[in-house]
Amino acid sequence: MLKVGLLGAGRIGQVHAVNIAGHPGSTLVAVSDVNAEAAQALAAKYNAKAASSEEIIANPDIDAVLIATSTDTHSDLIEKATAAGKAVLCEKPVDLSLERAKACLAAVSKTAQPVMIGFNRRFDPNFGALRSAAHAGEIGKAELLSVTSFDPAPPPVSYIKVSGGLFRDMMIHDFDMANFIMDSAPVSVRAVGSSIVDPAIGEAGDVDTAVVTLTYADGRIAVIKNSRRAVYGYDQRVELLGSEGLLTAANMLENTVSKSTVAGVASAKPTYFFLERYMPAYAAEWDVFVTALAEGRPMPVTLEDGVAALAMAEAATKSAKTGEAVDLATF
Amino acid sequence: MLKVGLLGAGRIGQVHAVNIAGHPGSTLVAVSDVNAEAAQALAAKYNAKAASSEEIIANPDIDAVLIATSTDTHSDLIEKATAAGKAVLCEKPVDLSLERAKACLAAVSKTAQPVMIGFNRRFDPNFGALRSAAHAGEIGKAELLSVTSFDPAPPPVSYIKVSGGLFRDMMIHDFDMANFIMDSAPVSVRAVGSSIVDPAIGEAGDVDTAVVTLTYADGRIAVIKNSRRAVYGYDQRVELLGSEGLLTAANMLENTVSKSTVAGVASAKPTYFFLERYMPAYAAEWDVFVTALAEGRPMPVTLEDGVAALAMAEAATKSAKTGEAVDLATF
Amino acid sequence: MLKVGLLGAGRIGQVHAVNIAGHPGSTLVAVSDVNAEAAQALAAKYNAKAASSEEIIANPDIDAVLIATSTDTHSDLIEKATAAGKAVLCEKPVDLSLERAKACLAAVSKTAQPVMIGFNRRFDPNFGALRSAAHAGEIGKAELLSVTSFDPAPPPVSYIKVSGGLFRDMMIHDFDMANFIMDSAPVSVRAVGSSIVDPAIGEAGDVDTAVVTLTYADGRIAVIKNSRRAVYGYDQRVELLGSEGLLTAANMLENTVSKSTVAGVASAKPTYFFLERYMPAYAAEWDVFVTALAEGRPMPVTLEDGVAALAMAEAATKSAKTGEAVDLATF
Amino acid sequence: MLKVGLLGAGRIGQVHAVNIAGHPGSTLVAVSDVNAEAAQALAAKYNAKAASSEEIIANPDIDAVLIATSTDTHSDLIEKATAAGKAVLCEKPVDLSLERAKACLAAVSKTAQPVMIGFNRRFDPNFGALRSAAHAGEIGKAELLSVTSFDPAPPPVSYIKVSGGLFRDMMIHDFDMANFIMDSAPVSVRAVGSSIVDPAIGEAGDVDTAVVTLTYADGRIAVIKNSRRAVYGYDQRVELLGSEGLLTAANMLENTVSKSTVAGVASAKPTYFFLERYMPAYAAEWDVFVTALAEGRPMPVTLEDGVAALAMAEAATKSAKTGEAVDLATF
């Protein structure tokens, strides 16, 4: 039974708490948060203890920590927890600074501790099935990947300002998805973006709509489309053209009801946002982490993966600013 | 080149004229109609001659006639045309009277003339593909058939009164579809019906909504659902459960566009009625007729098929009235 | 916080345990089972106590019991639990004997205790959305209901023999679905059935494939199709035609991936069986039960509903045997 | 009645012949082809005359010509036909040389003759419905357009060598689609391409897989994806994200049948290639041309549109070679 400390009792921390407590191989023993009351409430619900993150990391009875704190604390907490001998599952992104993330990776590499980055979409059953089919050769050799990833509504501009920008905050998931499916890093990154959804986002120095093209050494190409606003819900699709066919992963819908009237046929929207869409993925992610630890197998998503996605985000940020293609090897 | 006389220049006759004239193996040489002007106009458009049906049938230069006149003339015209040595394609139903249709069949059997009944739905590419898959054993042994067949709007009550009733006028297509797919006649027929769409239809002695259950000697079951009104368009679907799977044929839609908004996802309706849905089927039907004649092969839909469907309609009419199961062998 | 005793620690009892323990308004305090070890194991996992059903019913600290035992014990346990002042959620069916179920209803009526029958499908989000749309008048007046309900594979013949037959064991869910959507009882029941899936089922006196037609006093019609075998998975669909449109609830699929190759387009099957398909429904069912108790509102599915569905099952069983329509008022 | 001369009796010429002859407002009077026999055969089938293109253009009894000859003859024939007072419908592209196309446009502008370029996809009912919905404001303000356009199989390398390259030969349709939907020209073009489908295409100096990103002055973005090979058929889709929703136009499928078995659900592929998919579009295109002439309204697709698409193709060709963004204003 894996004894787990949860760092962060916010919205995503609460999701993880359900999975930690509900998993047959893990138990939630401690919760920390900058808001002591939040930590206290969440801990009580699961008969766990509230503590500081320092106490949790220092506690020799705790085997693993799940880091669900604000992004600016991730690298520090990963370093401290691994130094203290904990296994770590850390929410993405590793850091907003590629340099800092690389330093973290260097530090962690010196320990023997397993670290997994929470790219939850890798555990979505739809994307997982698409990747499995692709890697099994069901559509031959991959040639052209398309990732569509639209949020239902933009965050407040106050959040935009500290987010690191669309490429680091939002598209980083899609960079990881490209790496997950294409199984190698691209060589060049071309990005265009605009703030057509909300000019205030542009004034804050960010974009809200963007297209990134990735090229690979073997001639493959990938395209990622992002928008901060798709009023019909969370639009999360992947499509891969290969030499022998096409794989597509469509959205999950709220229900399967359709209504046919003189006005046409009406059916349900995609599930609203990541908590609805990826709830099963979070549970699967935790299961994979616990199982990999129990069986001594390597983590399925590594700190290296987190650094690689961040490098792509930095390259895209630069390309969108300069208007030029960016060689990923320079990052 | 098959020289064809068209009997009937109404709506469905005009559809057939396009196919006769456009087919590489046939040419339209004469058109008749009770309305002489209609015959004249249609003939002129295709450089054919207007004539009476008697003249067309008597014309030794004409190889085949397509009968698209009113139902009460079908049996007579089939008998006369075959007696005159014509090949015949006649619109369904053969007759409203089972007795008369059987007499027609007896008369035709004495000639060597090929007669095909225009059950157009057999030539719909969707139903054809379903049947081919079923007969190829792709879902194992057939067990349970469902036919959904809804018209967009009820005809005027004046038409209802002379139509022979829903089972002879509308469900006869679905009886033939059951025969087409199940490849044998049922043993019993159970029908329920009501006039819930329009009480005036009930007052005219007919139903507008009906469900018929057919049982087969080998334990198979079929269900046919009819409604005179589906405001969203012509709803024509077939579904067959077998020992190794399920086959479904869905509706054709007006287009493939969908619109996702906060209100949900809106897409196109089924094509409106039989002229839209079955236009390709009419062309395929004519092609099959011409090709069978040219190659000396038997007609794919026979007068016997027309009589068989009519017997089922009579049985269903009786069952709906008595509330009891009807043994088809008694018809 | 509702204190709950769970009677029955089998497969479905374990599903309920998750929901009882996980719900913010309820706690699992005791578990019973004829297999003491099973009760012990399940209780331990949730820090609850194993006990006999008698002890649980007699325990004044327990507010409610969930009955997930074998069907032949349902009526007795409902009577005893309500007599002891417990609120009850009992798995369907109430009983295999309509007479016994009616006696149970009479007994319960004398207590003030709330009893809910676990017709889980009423809480499926798809069927719920369909019904809500229908009752909101979105397709006008209901006219024709179709329920398709196929199991993936037949149970062992040994089970068939004690099941009460397809109509009581399997179609009872669909009878309740008809009542749920049509909001009134039918007047007549017509059933046909055969044992085409497995002759051994026929030798055991049951059918494995059946179609039931229900007629309503106002002219509405409903059709229910059942098969014990749909090799592609659990096929659970509802379709309602109304004066202003059509509502359909389609299957849930294993995932949203599709693969296009020269062989065609391949996509995922329906979820395999009721545990996969209705897992969210079981959670919603429990939430509704707890909430109704907390707010003092009537149960959304009553013992009367259970008796009504059982009466329809008896009528269908009789109709399938006699081949005649059965007047539901005689039950 | 519009008297029409058809220049070119090849595959696409034959398609146009059907529509010219079948349209109530036009008649096919003459056919030319570099292969005299082909012209003769096609003319005979429609009771028209075979002639040289010079004779057709010089014939004062002919009102309009449809140019379906090889691309290198388009500009010349357009100029000659308009100089001779004919109305012209010319197959795309206008020319492989932007300079020559511009000269043609200048020449035609001096005549009063209407010229329409055959961008057939504008008349596809799906793309037409999408555009109408977009222009009606049904998804608010357009923000991000995606065009997917894959051919089923690459043409022979011998064709590739004279085709002008993927951007001029294949993607030109998609550039016009972008112009059709976005209703203004982009400001910059970024293209990446590779010859991953067939290295021989790369050796011939062309690409077979390409992604082009277009940016617009108002912040809108468009992405076009092309592949010369989608083994499952002709993949032609458009998707437009707007401030209030998303519009998508999906593929047309061969039929609506699906088969559910233990192996999954199998359904039909997209229609195979442009003749299957766009047959209705060719008929609609001709109808629009005839109607616009009859009513004296401007052509819905102009020579300017042809030149605009060609300029985008040249810009994309340059961008794919240099790896840099290209300012469209420089073309």
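First chain written, first letter: the chains are A, B, C and D, and each begins at residue 1.
Everything below uses one rule, namely that a residue touches a chain if its C-beta (ideal position, glycine included) is under 8 Å from a C-beta of that chain, and two chains touch if they have at least 3 such contacts.
Composition by chain, UniProt nomenclature: A, B, C, D = Inositol 2-dehydrogenase.
Note that this is a predicted model, so its numbers are computed, not measured.
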Discussion item. Can you check which chain pair, C-D or A-D, has more C-beta pairs in contact?
Written reply: A-D
Item to complete: Would you kindly say which chain has the C-alpha centre located farthest from the C-alpha centre of subunit C?
Response: D
Practice prompt. Could you give the separation in Å between the centres of subunit A and subunit D, each centre being the mean of its C-alpha atoms?
Written response: 41
Worksheet item: Using CA atom averages as chain centres, what separation in Å is found between subunit C and subunit D?
Response: 57
Worksheet item: Out of subunit C, which residues touch more than one other chain, so two or more?
Response: 230-232, 235, 244-246, 260-262, 268
Worksheet entry | Touching residues (chain side subunit A, partner subunit B) in the complex | 230-233, 235, 253, 260-270
Worksheet entry | Partner subunit C, residues of subunit A touching it in the complex | 18, 22, 125-126, 129-130, 133, 138-139, 244-252, 254-262, 268
Worksheet entry | Interface residues, subunit B side, partner subunit C - complex | 141, 143-144, 146, 148, 150, 188, 190, 192-197, 209-211, 213, 215, 218-221, 223, 225, 227, 229-232, 235, 241, 243-246, 323-325
